[in-house]
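Just so it is clear, A, B, C, D, E and F label the chains in written order, and each chain counts residues from 1 on its own.
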């Protein structure tokens, strides 16, 4: 089992969700995050004082998947989020040791989906 | 005798021009200084009430749009009142009340000039002074542009909007206004619009419609097969806006009596209040039935719908008629919002439904419910058409020209990021975590 | 002579019925048209000030409750004003001011009818017109239900609340009101309540108490051994609410003079302001001492406590007495809030403490501080008891009946998710990240 | 004749003392009861308008500071109005209007006393009653402290600020005020300040400057080489604040006519409105040019700048001059904010720029634009200096003494955590996710 | 060492914390998240337009524990969050390579508690 | 590759970012979190009722780094966030299985920076 963590542009979430759903991945958890990457940010001015903002709004997606779904998940996220421009985001894949569905107390691969 | 908005100032200017006092004005019992003072004081109270409507609009429009565009909306509403006041002083007032004129367009000269008697009771038969007159009317003027502001929100270019507003408030609104309140041709025909269902609200509404058509809908609002909701970001702000608008309406309608006449002003207060209440009830039942759950934003629109609806006839209908006018307006606004969405005319705050649709309804309602037998449905309809034709076309041309020259719309990327950061380089809610995937 | 709220309208109706003018009203010096106009204008200003109190209530109640119930509260406060105005027009006004009646209950007929002279200075000795009278009183009516709204917030079923409000505002409030302001039996006994510490605030407060008892506390507010705080979601909103209420109080109390009499209105403004200020200071020191840190929400309640406290005697106590009345009200409200929490009577916004407890205090204070020797503590206490008995029982029965038939409480799941999504299907702060584990 | 704020009350007290009526006051035509009533009613309307300015200040200051300090700011603004009203009743009013006095300091005794004729038209020639007079002036008093509140926000100790405010509002403001409005030495010299560009706004502004210097800047505002922006947390709140302030200004300036005189009040309404509008336009163009993007917070400051600027001469300049005064104020405020930042004088809301800088500008502008030939630039400048010297030094001493004894600043840790939790033990936006790394 | 990540219903946080404390687990980090799972979401209407909300509010708990505490932690979360209804949530267990307490610069198992 | 997750005091974020940048680590993702640790929290009072707040505001930093950057990253965070007082925070290091840059679809070590 793997935990796929992706940071994408907020505006791309709906598309990513759609492509994931087409690949039968419908469970996920989302948090809003601020990202610092190659994208440089922008300069605001507040009351005459410039203010550099280099923490940009991102959406963090966390998806636990069984091994055979890692590839499709990564591909789907890439398809949904890619524009070719800086700031498109990143995907991290981590080993997932165990997974428990609280409702049924099922564990392991059965609990993921 | 003060009930017709136009008479006094038009007459006064005529007098100035003709140089004599018509018998009609040489009133038998002269107005006492105390009466002059109380009339004028009431008109000034009405003026500050109309002023606060601009805050009402700012709050309502901000509340019903997304947090990422809030600075932009507040900025527009703050500058519009400034533009409105200044252009009205420079030329608007004298375009709208040109004195004796051809009935279509006239101009009494630049800037303000009370003349020798403007600040005395001679100016308007003891009802108010020249400066009171100007300021009360000036507060109305900016309203028309503010109505547009809500409809074009979240995607219009700031500069283009400011240019459009300046022209619309400075030239088109007063010319249109002169036809009735300035004593122009529609006034001659017997058209009636007490406080501006047509002259203010529809005039703003037509422009909103023209601009929205030229501007197109917000990104993501309509997809191939469906309409998507783009939620407003603060219902408290929207509610504050509506209550302040209602409050201001007591000045808007109550001041349009143009004196503190106890009989008329108190009647107007009652019809205004009751129509707003009926608008709420009408919208509540409609939204509860149609959408299954009662929608606050619709009920708020319902209150405004009732208010816009009663505005044309607030002094000539009975409180019972006000219930009917308000109820119908409240029902109308809910269906109107849905219909415009089906037509893919994207109006984030429902401005066209509230101000144009209910403005028309209110104007026609005078023809149905007025206690004054001289008011006629046909003439009211004629008035609606004249204003509709002129304002829609004028707004379309002006905004169309701006579209060709300066452009009217921000880029899609700017729209997605939000106008606050793109146009103003600042955020509205510093520090708050706002989750927006739109 | 205008200071007693009841006299004029009661007399007028009596006159209409009896068909002659009692000597008392055939005033030697007739009121001038200018005086009539200024009186009426002031009453209309007072009317719009009381109107804005409804926005004040909406903001305060929304601010002191959770973000997930904000749409619901705003919805209730918007519809209550509509319900209040319409029911008062349909029957409330004529129940409250039935003219000559048995002193307990009377009814002057459905809907509004100014009659031949209602809109002239003959109606109320030049103090105001019929429609002004109606609207000013109508604005008060909805207040009673709004007070309940705050106390039952975050768990009451919307429909049940609306039904209750309609009955309470349309029937119970005006019947109770007729006993004093309508010239009923308590008026005959010399009971005094200038602007409604009892007739408005306690009447609302008793209903709030009855409803809260029937409704029970919010999930999670009280656990076995302790009281848990359920924080309000916006202190700015609460503060805006209190300032608007204070503003409105100038109309509530100032308008209750029922004319623009310079002496009385200015005295009332001063006592009202000073009591509010003293309420703030009283609450500030109490909360700072008792809770160690100064609690803004308590200080806001303190201002309202002072205002409710002064309402019964604003025209008959000196400014120095107003300081004492306000101070005590401000101290009282802090302890009262704590006491109700100990009694596990869950009132999210402190409505019962502010309106009921301080309403009683204010009514009794007239018996202590009044400069009018005719006012008696015993009679004031009697009035408090009569109103307490009637209103509590009536509210208990009505709400109890609704509880049996429609149910009064949302399910626990709905309460946890929030009424906004469950009852209205929408959120109050679209896009904002709100962390609530309650 | 009512245009000079001082004359009437000063005269009245003189009369009381001397025991006879000067010929000037034995007016040929006595003021009618209706005129007295309308004058007094207007003054009370002006009073509640000035009251609402305190909500305006609360909203503006809260909006332009961080969410973690909001409760603290709201608390200060709520208590200041209470402190202001009570201290003004206890001693302020009688210090400011001591009757016949040496021109520098006088005292007419503790607490309020209308005397036998205070509540009749004899008190002020039929313009208002004693209590109206008191309350209108009392509402002004608290303003001075509120101005300071914004400048010292986010780092001042609550208790120290409350002590300072009490002294400043209770003693220093009224003494300074007596020099002109109380009929003191500057009034004798012909210094003119219609509604308080200097007497209210600069008096507050000088204190703000002194306090900020003693207090130092917020942690993180200035680093070695640069200025850092500390963003305000709610632009809607700031905008609501400015509109309410503008609304209140109609009472602030309009009420300073000290009667309902139609000519003067309507002129004052127009100059006030136009200066505010021009201030917006001035600030808009300046910020757009200088900062490249139009800054809402600056435009809001621009409106206030125009209002402060016109305040000294609202009744003696033409509307055209009002445009110029407002425009310059709007430009001035933008550069002033930047300059104070360069000087590392940290004023979170721009209070010093708005109230002090534009207050000075407005006072001098009377010397330039007044239509009254008696007004002189030199005398105006003299007035500015006298007030500057006295208020700055007085504030510096008082706040300096507090600094030595109680301390004036919270610890750095408290500042970083926020005053809401540290000083009040509560949060302003319960449940909202607020991301603050400041 | 393991990192236990759990998504639960927001209303269950207090109970979960209590049960964890009973098991001597008092340190944790919490974020608010939006979850997409078997729970279908609901339909809002905004101004006459239906709006499907299938991102539901969840609370994300992150707890670093030594190996012997994994079982108690999972059991405690389950006990606190379980109602048997859809939407109860899920628990993920990940290998934790290293843990550092910033204050003392302690590392490893000593740093966790 | 490792994923470094750190919880620090919000007020220390800017300093941490600066020290990280000095160590050539400029990419990171940030979320706001609530933490329960040795720091005991504080007691608020709301309307006379005491309210214990033991979830304190923290900032969560997530940095994906290549192995040779783990030490510098941990050292930099420690340097920036340490005051020696309770509440300074904690750092967790997790094995990162894969990393994908969405824009270029690069994978592995090349995608991280």
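Basically, a residue touches a chain if its C-beta (ideal position, glycine included) is under 8 Å from a C-beta of that chain, and two chains touch if they have at least 3 such contacts.
Note that the coordinates shown come from a computational prediction; the quantities given were computed from them, not determined experimentally.
The chains touching chain B as well as chain C are D, E. The interface holding more C-beta pairs in contact, when C-E is weighed against B-E, is B-E.
Centres computed as Cα averages put chain C at a distance of 52 Å from chain F.
Multi-chain contact residues of chain F (touching two or more other chains): 31-32, 34, 44-46, 94-95.
Among the residues of chain D, those touching two or more other chains are numbered 32, 34-35, 38, 41, 45, 231-232, 234, 240, 291-293, 295, 297, 425-427, 429, 432-433, 435-436. Chains that are in contact with each other form these pairs: A-B, A-D, A-E, A-F, B-C, B-D, B-E, C-D, C-E, C-F, D-F, E-F. Partner chain A is touched in their complex by these residues of chain F: 3, 17, 26-31, 62, 64, 94-103, 105, 111.
On the chain A side of its complex with chain F, the touching residues are 2, 6-8, 31-38, 55, 58, 60, 74, 77-78, 81-95. The part of chain B that touches chain A in the complex is made up of residues 416, 421, 425-427, 433, 435-438. Within the complex formed with chain C, the chain B residues making contact are 32, 34-35, 38-39, 41-42, 45, 49, 66-67, 231-236, 239-240, 242-244, 246-247, 250, 254, 260-263, 265-267, 269-270, 273-274, 276-278, 280-281, 284, 291-297, 299-300, 303, 319-320, 323, 429, 432-436.
Of all the residues in chain B, the ones that touch chain E in their complex are 227-229, 231-232, 287, 290-293, 295, 297-298, 334, 337-338, 341, 350, 435.
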